[in-house]
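Worksheet: the structure to be examined is printed underneath.
Chain naming follows the written order as A, B, C and D, and within any one chain the residues start at number 1.
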Amino acid sequence: RDYVSLAQRFIPADILAYISGGSGQDITLHNNETAFHRWAITPRVMPAPENATTAIQLFGEQLRHPLLLAPVAYQTLVHPQGELATAYAAKSTDTCMLASTLSSVTLEQIAQRSTAERWFQLYFQPRQENTNALIQRAIAAGYQAIVVTLDAAIQAPSLRAVRAGFKRPETVKAANLIDPGSDTPRQHSSGESRIFRSRRENAPTLQQLQQLIDESPVPVIIKGVLHPEDAGLLQQSGAAGIIVSNHGGRTLDGAPASLSVLPAIRTTVGDQYPLLFDSGIRSGSDVFKAIALGADAVLIGRLQLYALSVAGALGVAHMIKLLREELELCMAMSGCATLADIRATELHKPF
Amino acid sequence: RDYVSLAQRFIPADILAYISGGSGQDITLHNNETAFHRWAITPRVMPAPENATTAIQLFGEQLRHPLLLAPVAYQTLVHPQGELATAYAAKSTDTCMLASTLSSVTLEQIAQRSTAERWFQLYFQPRQENTNALIQRAIAAGYQAIVVTLDAAIQAPSLRAVRAGFKRPETVKAANLIDPGSDTPRQHSSGESRIFRSRRENAPTLQQLQQLIDESPVPVIIKGVLHPEDAGLLQQSGAAGIIVSNHGGRTLDGAPASLSVLPAIRTTVGDQYPLLFDSGIRSGSDVFKAIALGADAVLIGRLQLYALSVAGALGVAHMIKLLREELELCMAMSGCATLADIRATELHKPF
Amino acid sequence: RDYVSLAQRFIPADILAYISGGSGQDITLHNNETAFHRWAITPRVMPAPENATTAIQLFGEQLRHPLLLAPVAYQTLVHPQGELATAYAAKSTDTCMLASTLSSVTLEQIAQRSTAERWFQLYFQPRQENTNALIQRAIAAGYQAIVVTLDAAIQAPSLRAVRAGFKRPETVKAANLIDPGSDTPRQHSSGESRIFRSRRENAPTLQQLQQLIDESPVPVIIKGVLHPEDAGLLQQSGAAGIIVSNHGGRTLDGAPASLSVLPAIRTTVGDQYPLLFDSGIRSGSDVFKAIALGADAVLIGRLQLYALSVAGALGVAHMIKLLREELELCMAMSGCATLADIRATELHKPF
Amino acid sequence: RDYVSLAQRFIPADILAYISGGSGQDITLHNNETAFHRWAITPRVMPAPENATTAIQLFGEQLRHPLLLAPVAYQTLVHPQGELATAYAAKSTDTCMLASTLSSVTLEQIAQRSTAERWFQLYFQPRQENTNALIQRAIAAGYQAIVVTLDAAIQAPSLRAVRAGFKRPETVKAANLIDPGSDTPRQHSSGESRIFRSRRENAPTLQQLQQLIDESPVPVIIKGVLHPEDAGLLQQSGAAGIIVSNHGGRTLDGAPASLSVLPAIRTTVGDQYPLLFDSGIRSGSDVFKAIALGADAVLIGRLQLYALSVAGALGVAHMIKLLREELELCMAMSGCATLADIRATELHKPF
């Protein structure tokens, strides 16, 4: 986790504000992290069982550990090689990488670098044909799942980023998009609220979503779910899995901590349904706690960028290794041989 | 909300202390703001409904949004145009403005500038004839409601303002009052407590209040209610509406956070009675939460002065626009098409 | 309350550390103050009743207000006139003063200055005859009650005072004691614990206490009670009243906040029994809260020394006036005409 | 306790970071201390009983007080005489010392210096014969108990120590071990996780532990228990006693505060079973609270090193004396004549 502090020396202040900040006053961002501190893992004295493993089966694939690289846009902001370095690290650590629609190199280039498991994160585009094109390219490039992010159709700008005067440099572009600037919400002169319209235009209709789920040759996973009711509906509509996430506190400041809604959502979708989690994970014990509270696997957001900024592919690979070892430490000390054992573990209050 | 920090460069330190401070040690002031952090808004994944709107019907008038400009005294303290600039901003953003008895320009001048909805905030004067004169002038000038503030008959000075050495400059006066200095409590030499007497003299008797309610040609709204019992009595006595408020923490330090008493008061007055709210609102998500917890609309106090100090009428208009967009964002993300939908939304705990 | 900050300029750092500090790590000291913040006073909108008064009847005497000056040792530490100035302030504000056994001028000198109500605070002395002599002198000098402090037979030194290098100057002495140095615990070479012995030697036996209660011509009040069981026993043994106090957090660091035990003690002793309170009071709203939670009247400790240091007798008188006005403000705003009304008032949670 | 602050001047920054830090982000470390602040000791007014004593019977030995010196590795890091000075202090204050496997002088040298009660803390070694050799040497040297530490088979490095660049100097070695460097976990190139393997290798199997318990001529005590289930099993397997401890927050960051699990463990093992406690104790009132919540006696970790660094043997002896007097003070003020009385005392909430 020391990448958090190291990164401060490697990332320019305005970009750091953009990355580390949340939306608004960072209340949700802050709650994301403190939510983990409300739980404690009680160590056991007996030696770790033999054959302990962090392996997990997800959508028919066997993963060596439950750490995934969250979709994070514009990675050349912090390192010249950007997503290519991340992809390389993913490959070398057997990590599933989620490539963002807003990557600063094309999804095909990323695919070339990463022979490991990889999923494509999709932002629906205002024009349906553009959305379809992205999906087809992703499948053609061998992405094994489509992750639809539903919580970021509009984003409140981070006060921190605004104050730091952050503006995306001209040279960093959304390489996948036909018009690379087209992700910025347009201004409308009509009487209707810019906000409501933008939200509608950048989010799929229920029909569009259902069609994607029904027709996709690869599993469709929904990212950005915080309400049990939504989770239930999405499960019924055939989504292959759900990612409980508040986008790292970057969308609605005032949203609950991601961890706090996890148990209720697990209860709703039942024990067998694939449930992933992100937002606020900073250490291996956070991973352990998320799994104990209902997650099958977790996504790593900011830590990824911090490590990338410090040492490129090596940094990201090292960060994954550290997190994995911290998770193994928690397992060893609490007597868990498998992730299923973690799930069966009761967390306690910390004091 | 960045006006909060910007204002620090535009308002002299002693005036800023006077404005931003609460009474006593600022305990209530502080609780006003943190009370909002105890609630979270859970985003939903479905797209915002069509025809979403922030419109609201209040006292027979249709307002385009539920943000009102709270009565705030002596606005020339922070900008040469004072209330005139505010009135202009109100007009250009379709915002209902509440003009204070203690405005630094006359209520007639304010009325001339603002063709929009406007209400007159009344402080009862020690002499009945002066009170009556104010009311008549307000009605003559086209104010559409009388808002009687009941919580400020005496105020504990802000320690912050005292320490900063704040004294109202000679040039800033209560333009509506015959003797513009007469709002300062007089000293008494008699044996009776200065405090008890001042409170009695500056607050209406029940009879005076009832008479105003009974005879006023425009709705009479009561500002400064924190106890459900009081709310119930005022409703019965015919008040047209109530503003739940602790005067932004500026009267009794030790009063509960305004938000914390809102739900019980809504329960007491029932679903249909007009209930407004202020004290502690700093963002659009605060507005959303206040409405979800029982308010029909909210008043903006300090933010108004901060924006005024930075950019006059433009600043106030921009601040209203920002708040409104933040509110729309919360609505869009939580799937609310109307303010009634907000009211029906359940808030969650943040972590 | 601004005397708290003003005093910092008038009291040398080491003496200030001694006065403002508590024992140990100041945990109890800190809790004393924050305990008040857990309660809120809900203002009411109706005007204050006529004939409102802060008067109170205590032990047959009519006091004009419920603020007493706590026994505070060695007042010449902060002002050359020490207790004489305090006595003068007490007289001019109709305030009952409690003179400490460890006063830096004699109890007779204090009595001469103060014609108002005055009580004598007694520390039992290792030798019975010395204790008796003190009592007789106090009665002869016209003190109207004996207040036996039971919680300070031994005191843990304040870490703050130790760190600041505080040592009582040679010139400041316990003027009432035959050997003015004799209040410092002696060292013992025997095997028995210095602590246990010192506690036994400096505290009265039950018999000694009972005898004093039985034979005293004036009411005997016990100061330093925190446990309901103790309160019940003392009431039965004939003590005229009890002062709930943890000595301003200066004895056992780790003791509960004085305010937190008050309600249970009031329940134990019943509605009519005289119950006083101190520890943590910094404002008039604190006084209001203490009374609402069960106290008949309150003692002011540190604020007294702070005001004394800044402006001598005038300072103490002014501080009392401010506190009283703040209390009146709370009464006026919450619709309380008498202290009995305060007692009947329900406090709320602050947020 | 002022040794905490004094030590900062006597211990080099990197070593201080190593000693004072916990594992990871110090969350457990921090909770260890704040857990004590959630409880208050209510003083009683009655004089302390005669014949009060801090004596305690443990494993058939009479100890004069319930303060033990926790096993702390490599004490020459902070003072040239290291464990020898500590042993001398133990002797002069009748304190039972626990000598660490990782002491920087040999266990025989320590034994020579300390004629008082002493126990040997055992870390199981990867090779059984080395473990056996340690046990035999300890018994030969007159250690009266074997304390098996089970919670430190692997440790997460302290972020604080890492950041401060701490590395154990060449001159400070594990004097008891054949290969003094052998306590550092080895690297493995095999596919199996370094963590899981290291944990298995450095922790005894159940069989090894049972054998030690069954065959040891002296009582075997288990250190590092946090789960009631583990406590119950160890009790049944014949362990002579248990030490509730999270290693001062130095093993699993995210473990519960040691104090928070104590009551449940006492309930599990019953009233008579020897239960010791450490982690977070910084004052005599902390000792009192631990005993009130279920401990028979407590171990002092960091305070020991701090005092050692400041004044060698004298410092440690003085620190023990201060803690004991603080404990006596709490007993005197709460009316406890014995440790059994403490156990029977109910703690209250602090505010």
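List of remarks:
Keep in mind that, in the parts below, a contact is a pair of C-beta atoms (placed from the backbone, for glycine too) under 8 Å apart; a residue touches a chain by one contact, two chains touch by 3 or more.
Fair warning: this is a prediction, and the values are worked out from it, not measured in the lab.
Taking the CA centroid of chain A as reference, the farthest chain centroid is that of C.
For the pair chain C and chain D, the fraction of shared interface numbers is less than half, so the two copies use mostly different residues to meet. Per-chain CA centroids place chain B at a distance of 59 Å from chain D. Between the Cα centres of chain B and chain C there is a gap of 42 Å.
Residue positions of chain B in touch with at least two other chains are not found. Chain C contributes residues 1-2, 5, 37, 39-48, 50, 52, 54, 283, 285, 288-289, 325-326, 328-334, 348-351 to its touches with chain B in the complex. Taken in their complex, chain A has these residues touching chain B: 24-25, 27-28, 31-32, 34-35, 38, 150-151, 153-154, 156, 159, 162-163, 193-196, 199-200, 203-206, 222, 224-227, 229-230, 234, 246, 251-257, 259-261.
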